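Chain lettering (A, B, C and D) follows the sequence in which the chains are written, and residue indices restart at 1 in each chain.
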Amino acid sequence: MLYALMGIGLSIITGVLNIPNFAHGALFALGAYFLVTLIQLLGNFWLALLLAPLGVGVIGIVIEYGGIRPLYRAGHDYQLLLTFGLSLIVTEGIIIVWSPVGMSQLPPPILRGGVDLGITIYPRYRLFVMAAAALLVLGAWLFLERTRYGAIMRAGIEDKEMVSLLGIDIHRLFTAAFALGCVLAGIAGALTAPIRGLNPWMGVDMLGIAFVVVALAGLGNLLGSIVAGLLVGVAQSLVALVWPEASVAVIFGVMTVVLLVRPQGLFGIR
Amino acid sequence: MSGLSRRDVVKLGSAAAAFGIGFPTVLRAQPKEVVMLGLWSFTGAFSDVGPVLDRGMKLALEERGMKVQSKTIKYITRDDETKAGSATRRAEEAVDSDGAKFIIGPWSSGVALAVSEVAKRKKVFHYFSGGTEDISGARCHRYSFQWAASPYTAAKTVVDTFMQANPKAKRWHLLVADYAFGWSVEKYIKEVGKGHGIEFVGADRHPLGEREFSNYVTKAAGNKPDVVAMINFGLDAVTGAREIFNFGLTPKVPLILTWSSGVEELVQLNPEIRENLWVGSNFYYTADTPIAREFVKSYQAKFGNPPGYAPAAAYGMTRMTLAAMDKAKSTEVADVVKALEGLELDDLVGRMRVDAKTHQTLRPYFFMRCKKKDAMKGPMDFADIIATGSTPLPAEYAACKDIGSL
Amino acid sequence: MPLVRTERLTKSFGALVAVDAVTFAVDEGSLHSVIGPNGAGKTTLFNLLTGQLAPTSGRIVFDGRDIAGTPPHGIARLGIARSFQRTSIFPTLSILDNVWLAAFARQRSWRGLAWRRADRYSEVAERAMAVLGEVGLEEKAGEPAGAISHGEQRQLELAIGLAAAPRLLLLDEPAAGLSPEETKRMVTLVSKLKGRYTIILIEHKIDVVMSMSDRISVMHFGSLIAEGAPAEIQRSPEVRRAYLGGFAAP
Amino acid sequence: MSRAWLVTLATVVLLPVFVRHTIATEIWIFAIFGLGLNLLMGYTGLLSFGQATFFGAAAYAVGYLLKHYAINVVLALAIGVAVGAASAALVGYLCVQRSGLYFIMLTFALNQMFYFTAYQWTTVTGGEDGMPGVPRPEVLGLDIHAPLAYYTVVALLFVLALWIMRRIVESPLGKILQSIRDNELRAEALGYNVPRMKLVAFVLGGAFAGLAGVLYAMLFGIVPLEAIGFVFSGNVVFATLIGGSGSLYGPVIGSFVFIWLSESVSAIWARWPLLLGVAFVVVVLFLRGGVVEAWARYRAWRHASG
């Protein structure tokens, strides 16, 4: 589910803006760090969970405005260089502000401990994350499918010229899309913190996976990325049971095959 | 093309050459100087420990006024990036260009093994502390030494002590990091466990750097063990312990961190997670030796918190190296190597002796039990040492058959 | 003897039939124009002839060989060159290099492809300069192609086609987007080529077409609705219907 | 002999006087690596995010042969070039069918596959620990263990590589590749088989990467796992961009700046990647075209004001 959140966020960015966002993993980490700091400041998990992603969104707007906007017409190489540079800056910034030593964040008391599901014990917090992520994914889906903004965003992926011809400010669309992608990364990071703990490099693994999800779904295929996110998660845990070392290799293998055979992604129609 | 004429490129080239002058020029070590290199991770996976390792080594050198055998010690550091490639190239560069002759570190086993090769090739002294058995085992040679206890010593201390405290806990589930260090500790835990009649209901291996432990924990829970023992290190251990707690296994089932860095890992876990946590380590700051007490006092005075295994190891290795120089009355690599072989003294963690045949430092290993939240006297008061063991690796297990020549 | 002919050439995109069973022939040395309203399938026809698109059915016979399905670079090597309706040049390369590349592509042998210095191929360079001279760009040979005016880029577009020393030259609206002044210059240029090359021309400016062409084919909704000499086409009622009085007789 | 060559030779001769030998050697190795990438990225417009695949494959293959079969250096270099070219042919064949982001992601994904193969195949590669103990045998009877001796060998090979690359980019092929970068459709319409030309660029780039990989393995006596990792792929891309892609000397200058910057700053300040990140952003926002472009602009400015 978290993969789906990451995937859909990155998918919006790659789809609408057509840039490879290498800073996505760092923004994910930033979401987690914001969460912990906000909890320390406010003493309230839920409020922090709400505010942390918004903070990441604000950073996203700054990045889009100051860095990415001048680059829409530049090649992918410069976009890559910029977003990678930004990810270095964010990661090192985290180290400077919060120190390189990892941190821990417990779930709020009511979500601690496990639930006996009969076949196995499962942590309450994970169940919460699944439910929350499912709701968010559903929310994202409804937003994209049922609202005007969502429609504009989808149109932006299909045909940018069309959108600007309709008199919609394409720059605002881009900013909004980038910010939304960042917020989703921030939520994923914040939700992950109590499960995996925090360290400045927590986003690196996630970045790779997010790209796999995007590739599997097909560039800019938002609904596909939800399904692909779920698939990657399930596939990874299944492989981990049989052949743990290969769990990461397998998803990249699948990504390679999909890119070669069905470049439009598993669910792409184009 | 970019509209650049050939002449521009020429000028650019000369500018680049001129720029090079700004680079620190080749400084050959003065003969009166002993250059010691601390090879630590300031970036990469272990960058959280780099700075504290640096502190430990510096502390040991400053105690001696940066002097040994009436020579000045020049302490330099390099960032190994927690990568074998970067570590070897920076070590090599420091040896070639700065005249470094004594390398302490790095922290990561894999990286250290690569550096050990550099030491062998360049004939420089190398002291390392960590989980791999290879430096004092299959890949031993005359120039590299191991400070951490043998995995056998660790396994023996942990299993014996734990079984003494919990004689009924016979169903063990192991979770092992899938590389040389994990395998060797696992081997010895099983070996020692046999003597106690322990049944190993499961032993799962996870890749190094694993961050998703839910599958392993689900499996562990399914086995209904009396004890879960993890054989992993650093973030892997922290992430694993957290997940085991999240699944509700701890505190009902005791969890053993077999080979932990102690403070550095414990501080990353909330007190709730530490309940019923048992920890084996090469150092804990309540170790009751005169040198440890002094070290902890000055470290705490300087940095505000007690030292963990990492700074202690850097401190301890540096002390051992200096002791060997004193014994040899020389700072030549070959003399220091010979002096350290067989050196025996009371140092940081107690009685220490360097086995000349394997270059393993024979020394005590600590086993702690974490305190409950309300029993903690301060935020860093994590645990009590409940045992110190120092059974050395039986000779028949020693993988170092021939330490070789200088 | 026609140099190129098509037989029931058809290209459909899903339900849309862009080129519908077009059969026509172009004689060697003639200037043959294709006209028709926007969306009639003229450019698609070009894309079929040059291999950018593979036909759904039908044949293209060039110099006695069926070339349908040959990839574009293969077709170019046979001696079919084209210019594009939307200027298609190499913007960061110099004007000379743009033309040089076209001339080199037609070299019989690519010996020293990755090793011999490009400026050692004197015959290629001579041909390139000659073509630039013909279109009047030799003064600007060293400038980057992206830096010159639209009108000059159209001239360059034509020069790239010529430099390939083609046996068949396909010109897709060479005067697209040009001012009346520039159009006049372009018309003079193309008329000078007449007779030296076999040319198929797509053009909207009907007066230009009428004055220059040997034969004219008219396309409408993918089909060929008329073919003949300029005078015949002007009289054709079908053409008039297709254009719905879209142009008046000169 | 032209002035460019004189300056290049002067730099090669003078560099070890000012810069530590190991680093100087590494600069030229990285420059060879960058030259190969630049043929793809700068000249052909193919942003390969998987160059380390060829670098690492050659380093591992030759490292293994050097270690276990004690082959001689000349053969080792030849095999390295061949392995680099062959792996690039394989990857290139698969990748040239895609373009844009798909192309980048595909090179990246294939790089990851090679990485995990190396990671898992521990009996040969040593996995996480790397493949240590790669010897540096004699060259034509000369001992090259001394840092300066090895530097000389690498520097000579660099000059040779630079000369070969210059021949390539000044040949018709160089022009054809640039035309593909500028306008693929048009190049195809002129009669150039674009996928085949791209493949040629891949193979040539891979050969350079392979040469660099072997030299790297012999420099440090180890093939570390990261030599085949995507971070390495990224570094060479970034170094080339900093220098200025699309010009012959760009990657050379880039590798100088990149290695020099990271080595000298990392010895002083632990948070050096921050500076690197800032440098990237500055280059992207203000200095696209890299150092080469900056120099050209500086000259234009001086020209205008003086």
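The working rule: a residue touches a chain if its C-beta (ideal position, glycine included) is under 8 Å from a C-beta of that chain, and two chains touch if they have at least 3 such contacts.
None of these values were measured; they are calculated from a predicted model.
Undergrad: What chain lies farthest away from chain C once each centre is taken as the mean of the Cα atoms?
TA: Farthest from chain C by mean C-alpha position: B.
Undergrad: Could you tell me which chain's Cα centre is nearest to the average position of every protein Cα atom shown?
TA: The most central chain, going by mean C-alpha position, is D.
Undergrad: Indicate the whole-number Å distance between the mean C-alpha point of chain A and the mean C-alpha point of chain C.
TA: So the centre of chain A lies 49 Å away from the centre of chain C.
Undergrad: Go ahead and note the Å separation of the Cα centroids belonging to chain A and chain B.
TA: Between these chains, centre-to-centre, one finds 35 Å.
Undergrad: In angstrom, rounded to a whole number, how far apart do the mean CA points of chain B and chain C lie?
TA: 73
Undergrad: Using the touch rule from the top of the page, what residues of chain A touch 2 or more other chains?
TA: 95, 245, 248
Undergrad: Counting only residues that touch at least 2 other chains, which ones in chain D make the list?
TA: 271, 273
Undergrad: Mark out which residues of chain B touch at least two other chains, giving numbers and ranges.
TA: Within chain B, residues 1, 3, 47, 50-51 contact more than one other chain.
Undergrad: Per the contact definition, I'd like the list of chain A residues that touch chain D in the complex.
TA: Residue positions touching the partner: 14, 18, 20, 67, 70-71, 74-78, 80-82, 84-89, 91-93, 95-96, 208, 211-212, 215, 219, 245-246, 248-249, 252-253, 255-256, 259-260, 263.
Undergrad: Show which residues of chain C lie in contact with chain D when the two form their complex.
TA: Per the stated touch rule, the residues are 50, 52, 71-74, 76-77, 81-82, 84, 88-93, 97, 100-102, 104-106, 110, 112-119, 121, 160, 164.
Undergrad: Spell out the part of chain B that touches chain A in their complex, as residue ranges.
TA: Counting only chain B, the residues touching chain A are 45, 47-48, 50-51, 178, 204-207, 210-212, 214-216, 218-219, 221-222, 235, 238-239, 242-243, 246-249, 264, 267-270, 272-273.
Undergrad: Touching residues of chain D toward chain C in the complex: what are they?
TA: Going through chain D, the ones touching chain C are 167-168, 170-176, 178-179, 181-183, 185-194, 200, 204.
Undergrad: Please give the residue numbers of chain D that touch chain A in the complex, ascending.
TA: Per the touch definition, chain D meets chain A at residues 41, 45, 47, 49, 94, 97-98, 100-102, 104-106, 108-110, 112-113, 116-117, 119-120, 234, 237-238, 241, 245, 271, 273-274, 276-281, 283-285, 288.
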